[in-house]
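Report on one structure; see the data block that follows.
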């Protein structure tokens, strides 16, 4: 089970990409609005109970001074994947990226690309696939699909003038 | 009473500037190492009890993915002043600045310059000086001293060749 | 009483956020166009008379080479809150942020996020709330409202597919 | 088993931090110099054989135009953790960070902070800890140790003047 | 013969500029979608066979963590020209530029401006023109045309009010 | 007569370059420590009296939130040359550059390179040379000297192995 | 007489601001498309003949790798004002700003804000006003007009709700 | 024959890397100090006569507002390789990189990494190797040497603890 959290419903237009890819890879997930700054207690309860509630990976999306991924990571030893979001209050995404990526020694956040929600989902699957051969197999199939996609685009290119 | 907190003792070489200026302005303070990521519970206890314990302003210094000022601000309505620190794990200070400054609507942090610990102390005094004429007077004297300093430097310049 | 100033009427589309939040928190304010570069004398008169005229906090918004907050701060010991504005003459907001934030020792400006006018209003209220229990109470209520907002968004998220 | 790779022996002064933390957490590892640009074939052989050879996580450090983590990730479905290194040929670390972090959809790299080798090791342990309760327990102990560290620093701070 | 490659068909809206200029300069070319991350084996086959297949210059366009130009360069000694593309997953183009430009010693990529596909075509022609006087002549004519263009624009300017 | 001003005596180690070049070009100057933030009244008096006192150009150096050049420019119609200084409180010089360069319409500052004090002196001479053929002649001689310098360096290069 | 030059007619939509302000200040000017890279010889002829042809100040606008202002400055001792233009081939304006501003010792360019064409015109007038009391007077009037503008905006603000 | 030029003898400490690699690859070269800003006429003579004098590739190194590579490229149709140098007057190398890389359509510069002089030499060899099988062979040998280097480093790593 993967937990998907975000600081605001407006982040869902990006974070829906996580759900999409997890469904494609048949990995169950839950989703929740949890704000580091507006509901700090809820955030800590979420993080502290995560392993007990059966979560295996947490994916947290946030923009601007994006503290959610790092603060959740501070209260669980589950892997936390951070998705920097270029939200309306972000300076071209730099604040989101840096405040998620640059965690101090002891509390890592696995950071993916700006708005890279699909990759967050794939990374979660890869983490689960370490111990689950079935998931690993689905990932290999997904990768094969990427090759086909490239060949499709290649044909499209050949037809362009 | 002003609370000075920082995520690591190594930040003290910058944050000592807060203490220095508060002593010059005769404003009492306490100091504490509180880490957002390593001691999240202590951080929340600190923030939640701050007003009750008589604090009026909190000054928090942090570097890298600097979540301490914003997370303390999330659990108190006291003014929180953030000091971005160019620590060894910081990318030229940009991460510290952006992860303190770019707070979402609802939870502001009063951010000062990179490594600007003295200004954090002065700002705390200015906040206290809103309702305390004695502090306001000391600030005016401090300002007068700055003018004298400029004149001293001016004399030094005139003697330079 | 809070003073809201800005260098140009075009900044009002951002700075109106200050007025909005102050009204919500029942804090009186005045507003004025004051330009550091086009009306320097007016700016100094404003700053020098601010405390005498009963102002307790000044909130100054500016974009580009944003000197207004820092220059007002140079002529008053009241706390000055700076709002960096991503105006049409700004390089992605970096100039506004840096020219407000990076004040030299002795003259701090309490800087909030780029276009963070609402947070400037909340910070002003927090400063007033240090000595005014009634304002502090309204801030606590405002914070509670933020939690409700998160729960509302959470319900919206749960209904999304 | 964790695989630690880097493009140059000069990266070892940073990447040794991975080995250090893995030893502390009693997690076996292997280490290898593998260069994306100078030994592309070796890199692909390494990535393609990784799962078969029993690796569960790969940690790749690189600086400048840092292609090693992303290219290894392109040829395995194991989780790949990228450590951006501020090497001598890097522009303040920005090139290392961006060329590791900004992977296209389909091939994520779990990026940690600039020079954040220890956090890469901890993240690898967290990934292994998803399915290994013993490792999870060691991580909880490690976290407890961080709290003690903060209290030690706190005592040191209290004694400072 | 010049080889034009790109990681995605969506890059063609920029990379078509290469084809346009090569046709103007009467230089034959082939075009192909080749992805470093989704089809690494195809990429290597392309690079390893390039000289044998009669290619003299390779032009590779990519955005975000743009590894294609550098990885192709790692498996051929033909000159490789890199076109950083400001694609939808790029942070204002900085990631594309830095991950193409900052190659380590031993494996250069001749980098042109962000989205500078036409210049990539001209540079390829200049490389061919080193040993081909006919191409060099066409380049001189092209340059003369640029002067005429400036004079045309000048007349337009003179007529503006 | 050229006026050289700076916010702090510590800026003199850069600004001495202005004096050096003006002496070489036999242009009289005065120098003064004037701080925008610590002595705003002195700054305005300086600017307002500048033309009357016979100054023809003002050169102002400042670092960090560098308001001195722009604020002096706001109170005189003399040309003001700004020298961004990479002082100890500057973020790699970006704050100094942007807060001097990005002036709003109506009040320009002629900005030179970071720490470019000598060029500020030369620019002042060029401005004076518009109406003073003697100064223009000295500038032409200075330029000739630059060519000789290049030839000297060239000989040195030819001898290097 | 002021010379206005630009590398492309497309820059005129910005550079027209120079003409506008010079007309307002009754200062004669000429305008010309001159490209550093496409018509280098024309550029040098322009610069070398400028003083002889009666020009007193040259204003050059350019975007991207903006060499025009600096290269013109290399062949005249007249003051050259550079206008960095955020053209379509510019990375958010940073390339334009840095390649105009960061001139080496010996050859300054008086740089104004990004797209700051009006300020370039005013700066040219200020340079002419050093020796021309009539122009200086017009500049003082222009400045007075800026104050009126602020008061007009102030009234507009007072009427806003 | 390759031409190596630089704006100042101080650039030789970087540009010597070009000579070193060309000697290793047995490619003849000449070297010259040529300054875009201090000796513009010499620069143009150099560029205009380059092909006639038997040069096949020009490598130009420059720092700060680095106009030399682009301006040389404007007066020759030979391929010009630009080496951005992080000189003392450069802002962390960004100005050098951007003013060389971001050339307008029509006049490309083949840009290599910051301080990447060796790669400039290799790229020149690759360009010559398009039509010279002997040079191509030497490049393949050089590449093989890189693989050996990696294996040597690997052995060193294996011995490290």
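For this structure, a couple of remarks:
Should a chain be cited, it is by its letter among A, B, C, D, E, F, G and H, assigned in written order, with residues numbered from 1 in that chain.
By definition in this document, contacts are C-beta pairs under 8 Å (C-beta built on N, C-alpha and C of every residue); 3 or more make two chains touch, one makes a residue touch a chain.
Keep in mind that what you see is a predicted model, and the values were worked out from it rather than measured.
Chains that count as touching both chain D and chain H, per the definition above, are E. At the interface between chain B and chain D, two copies of one sequence, fewer than half of the residue numbers in use appear on both sides, so the contact is built from largely different positions. Chain C and chain F have CA centres that are 34 Å apart.
Inter-chain spacing, taken between the CA centroids of chain A and chain D, is 18 Å.
Centre to centre, using the average C-alpha position, chain C and chain H are separated by 51 Å. Centroids built from CA atoms put chain F at 42 Å from chain E. Residue positions of chain E touching 2 or more other chains, listed in rising order: 8, 38, 64-65, 89, 91-92, 94, 97, 101-107, 113-114, 116, 143, 146. Interfaces, counted as pairs of touching chains, are A-B, A-C, A-D, A-E, B-C, B-D, B-F, C-F, C-G, D-E, D-H, E-G, E-H, F-G, F-H, G-H. Residues of chain C that touch chain A in their complex: 92-94, 97, 113-116, 143, 146-147, 149-151, 153-154, 156-158, 160.
Residues 51, 56-57, 77-79, 81, 97, 101-114, 116, 118-120, 122-123, 126-131, 136, 139-140, 142-143, 146 of chain E are the ones that touch chain H when the two sit in their complex.
Residue ranges on chain B touching chain A, taken from their complex, read 7-8, 36-38, 40-41, 44, 64-67, 70-71, 73-75, 89-91, 94-95, 98-107.
Contact residues on chain E toward chain A in their complex (touch as defined above): 6, 8-9, 12, 16, 31-35, 38-39, 42, 64-65, 89, 91-92.
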